[in-house]
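Next up: some structures, all given as structure tokens.
In the two assemblies presented below, chain A is common to both, partnered first by chain B and then by chain C.
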Partner chain A sequence: MTLDFSTIPEVWPALMKGAGVTIQLTLAVLILATPGGLLVAFLRLAPQPWLRALVLALSWIFRGIPPLLLLFFAFFGLPIMGLTLQPLPAAILAMTTYMSFYFGEIFASGLRSVPPGQAQAAAALGIPAHRTLMRIILPQTIPAALPPYISHATEILKGTALAAAVAVPELSNAAKKIFVVTYRPLEVLIVAAAIYALLDGVLLLLQMFGERWSNRRRAGR
Partner chain B sequence: MDYTLIAPYLPDLLSGFWITVQLSVLTLVLATPIATAIALGRDLGPRPLARALAVLVNAVRLLPALIVLYFVFYGGPQLGLRMKPMTAATIGLVAMGAAYMSEDIRGGFSALDRGQLAACRALGLPFGHALRRVLLPQALPLIVPPYMTRAIIMVKGTSLASMVSVADLTAEATRASSITYQPYVFVLLAGVLYLALSGVLVAFQAWVERHLRLRYRLAR
Partner chain C sequence: MPSPFVSASNLRKTYGDFTALDGVSLSMDRGEVVAVIGASGSGKSTLLRCINYLDPPDSGEVRVDGVRIGYGEGAREDRALPERDIRRQRAEIGMVFQHFNLFPHFTVLQNLIEAPMAVRGLSRAEATERARDLLNRVGLSGREGAFPAELSGGQQQRVAIARALCMKPRLMLFDEPTSALDPELVGEVIAVMRSLAEEGMTMLVVTHEMDFAAQTASRVAFFDAGKIVETGPPAQVLRSPQHPRTQAFLQRILRSH
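Showing the complex of A and B:
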């Protein structure tokens, strides 16, 4: 049995198109779930106990149900409630929702790593709350939160493969559509795997630069 | 909600749930020793073995689980390995799970001072003995929390088996949904069952942590 990559040039445009959708989906979820995660983190640390309990319960539910099932729910379940979405927006909505809760956990533990005395000191000095947050608290959470943040970003990238199940034409879906025609799954899967590995590599590079940047910033103070 | 419409599909949903339980137990039981072997091989094995294992683990961790399952289920036959969906799904999920789990286990061991093993060797303690009496009592309490988190992720990950035509809980729920046009009832029901499964694991984690504290007389 030998591998035969001769059909790859012919299917390359289709794979690239799929990779494009994968990148779109990853970026959309990353951009939307980051503020979503911050919101969840702030609610997790809110002064109202009922609010904390509510967010904790939601976090448990969304992190406890398989992402695939959540995607099915967004795609098949929401239309009943009057919200019919195209596959791509449905996937973005589902993934953003559950990733916000994963990010929320990371950001909450990052925020907890900053001693509460600092916020009190800032308040005592008369610094407005939003500026305390933006200039004092958040910059300090970055070193703690960055590595898990990037590793969850790669989880988003890998998670986009699930969107194939709700007919989003991303990379895995494109690969499958090709090999059910060519009857040579291995070659197409190897190429698709290489593309995923490449995209993962980009995120890991970002992490390296991000860590260096945040170390430099800290050292500069 | 129309219960008469839902009732006929409950047996299917239950059989799907049973498949999911089997798949979860199978992947956890198979992945744990493999992950432990990988972790020990990478930390204590000869350098070429450690290198090879590192490449393998990181390659698997770069890929989406779905692609790994496709490799086994669709790519396997091209190599003459034709297998049932359930077998293919188990192999794929075990490979995925073992790769991630070996990192969790390594994390626990990395907290230990390497000098301890050297000291054990100097004292003439056999390796198995050193592992059981010296290293594990210190590493296990560190390994259990990330291990259980991983176990829960793996249980949720079994839902991917539905993509290679295993009739698991996710597959049955979506099938029932598409036949009855009752989209969210079955999906919600499946969600509750998955939450129950991970609830069992969380309870098990609490029990194990308590047991370890008592057994090794650890401070809280």
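Showing the complex of A and C:
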């Protein structure tokens, strides 16, 4: 077996276009699912037992369904209910929904790791609740939440390949379209894999910088 | 007769089956230092947390400098306030916790200036000036850039006292401020509290430090099973307690020392 990468320069623009869609999709889901996850986390810790139970049930459902099935619901199911989405928005919706519940669990355990004395001290000083959350509580969840957050962001990146199933022209889809024409699947797949690894590396770098930043500010209790 | 500076009347608080406060009344004059002593779990900390409404009482009322805590002022005094407004009232009451509860991701200086800037609307420069002044008073000038974890327990508690004072409170609540400290660090915190008392701060101190109660408090209240069973000048309550529960408690304390 010999590898022949001579066709790669020719198909490079198509691969880059696919990579662009992959990045777009990853960023969109990250940007939407992060506040979504915070919302889920707050509801998971709400004082009302019924609300906690409801969110726990939804979390169980959305984290239990294969993401591909959610994608099919968004793309093929919603039009029947009167909402027709283009492939990319459908993929963003499906992935944001289930990632919000994953992030929700991460953020909820991060929030639980902050001692209750922190909120009490802020309340005793009269600091408003929203400011307490933004300045006192959330920053303290970062050391615990950052590593699982980044590893789930990596899952989002890899998960975008599923969107090929509803014809989103992302990287894996682009690779497939190329090799069915060139008949050299191995070379194109290797190059596509390398691009994924590179993007993944960017996320890992972010994690390293983030950890160093939070370590510098970290302290005991 | 002028009304007392601080008055708690008939406070009740239960947690499930447990009665933490069983009709507690206490009044304090301006500048008075009251030490609350009693066994662990007798409801002493709950009393402090009910006074600043960190944990609102089930019934009873608290007044500080004429203002009913948790309720509107003047004609609206029968209207319970939302948490947002209670926080504003609470800013007038400093609280020091057993475990310091400093913000670990903030430097000492940031710990001190956060609330004055957020609640009092001070500029960073004004808050910093006030904070440096207070750090100097608690003997920690020069440590403003340190993170709490870099300080000893005694230093952390002194920072926590300075943080509360930065709000210029009218009343200070201390919840067992030296109980989490190594014995050799207790003295430095007591010294700060003593100088605060000498400056005329009104202080309500839950403590196991009998020396502090004896030497600094103007009055000692003995707390037992959700009630204040005896109150009076330290010499009277500590040397010749009237109530059998107080006698038993003080004997236990003496034996363990």
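Please note the rule applied: the second predicted complex is superposed on the first by the 218 of 221 C-alpha atoms of A that agree within 3 Å, B and C clash if a C-alpha of one lies under 4 Å from a C-alpha of the other, contacts with A are read in each partner's own complex, and residues count from 1 in each chain.
Here, a contact is a pair of C-beta atoms (placed from the backbone, for glycine too) under 8 Å apart; a residue touches a chain by one contact, two chains touch by 3 or more.
The structure presented is a predicted model; accordingly, all values stated were derived computationally and were not measured.
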### Query
With chain A superposed, do chain B and chain C clash or fit?
fit
### Message
Tell me which touches more residues of chain A here: chain C or chain B.
### Response
B
### Query
Is A:Leu125 contacted by the first partner chain B, the second partner chain C, both or neither?
second
### Task
Pick one for A:Gly159: touches chain B only (first), chain C only (second), both, or neither.
first
### Query
When the two structures are overlaid on chain A, which partner does A:Val202 contact: first (chain B), second (chain C), both, or neither?
neither
### Message
Let me test your reading of the model: by the given contact rule, A:Arg135 touches which partner, first (chain B), second (chain C), both or neither?
### Response
second
### Task
Mind working out whether A:Pro66 is in touch with chain B, chain C, both or neither, as first, second, both or neither?
first
### Query
Considering only C-alpha centres, what angle arises at chain A between the directions to chain B and chain C, nearest 10 degrees?
110
### Task
Identify the partner contact of A:Leu54: answer first if only chain B is touched, second if only chain C is, both if each is, neither if none is.
neither
### Query
Between chain B (first) and chain C (second), which does A:Pro185 come into contact with in this model arrangement: first, second, both, or neither?
first
### Message
Under the stated touch criterion, which partner chain does A:Ser172 make contact with: chain B (first), chain C (second), both, or neither?
### Response
first
### Message
Contacts for A:Leu27 in the overlay, against chain B (first) and chain C (second): which applies, first, second, both or neither?
### Response
neither
### Query
Once you lay one complex on the other using chain A, what is the shortest C-alpha distance from chain B to chain C, in Å?
26
### Summary
Within their complex, chain A touches chain C through residues 115, 117-118, 120-129, 131, 135-136, 139-140, 217-221
### Query
For the complex, which residues does chain A have touching chain B?
1, 60-61, 64-69, 72-73, 76-77, 79-80, 154, 157-162, 164-165, 172, 175-176, 179, 184-186, 189, 192-193, 196-197, 200-201
### Residue ranges of chain C in contact with chain A within the complex
52, 54, 83-84, 87-91, 93-95, 97, 99, 101-105, 114-115, 118-119, 147-150, 163-164, 167
## Note on the structure
Touching chain A in the complex, chain B uses residues 59, 62-67, 70-71, 74-75, 77-80, 152, 156-160, 162-163, 170, 173-174, 177-178, 183-184, 187-188, 190-191, 194-195, 198-199
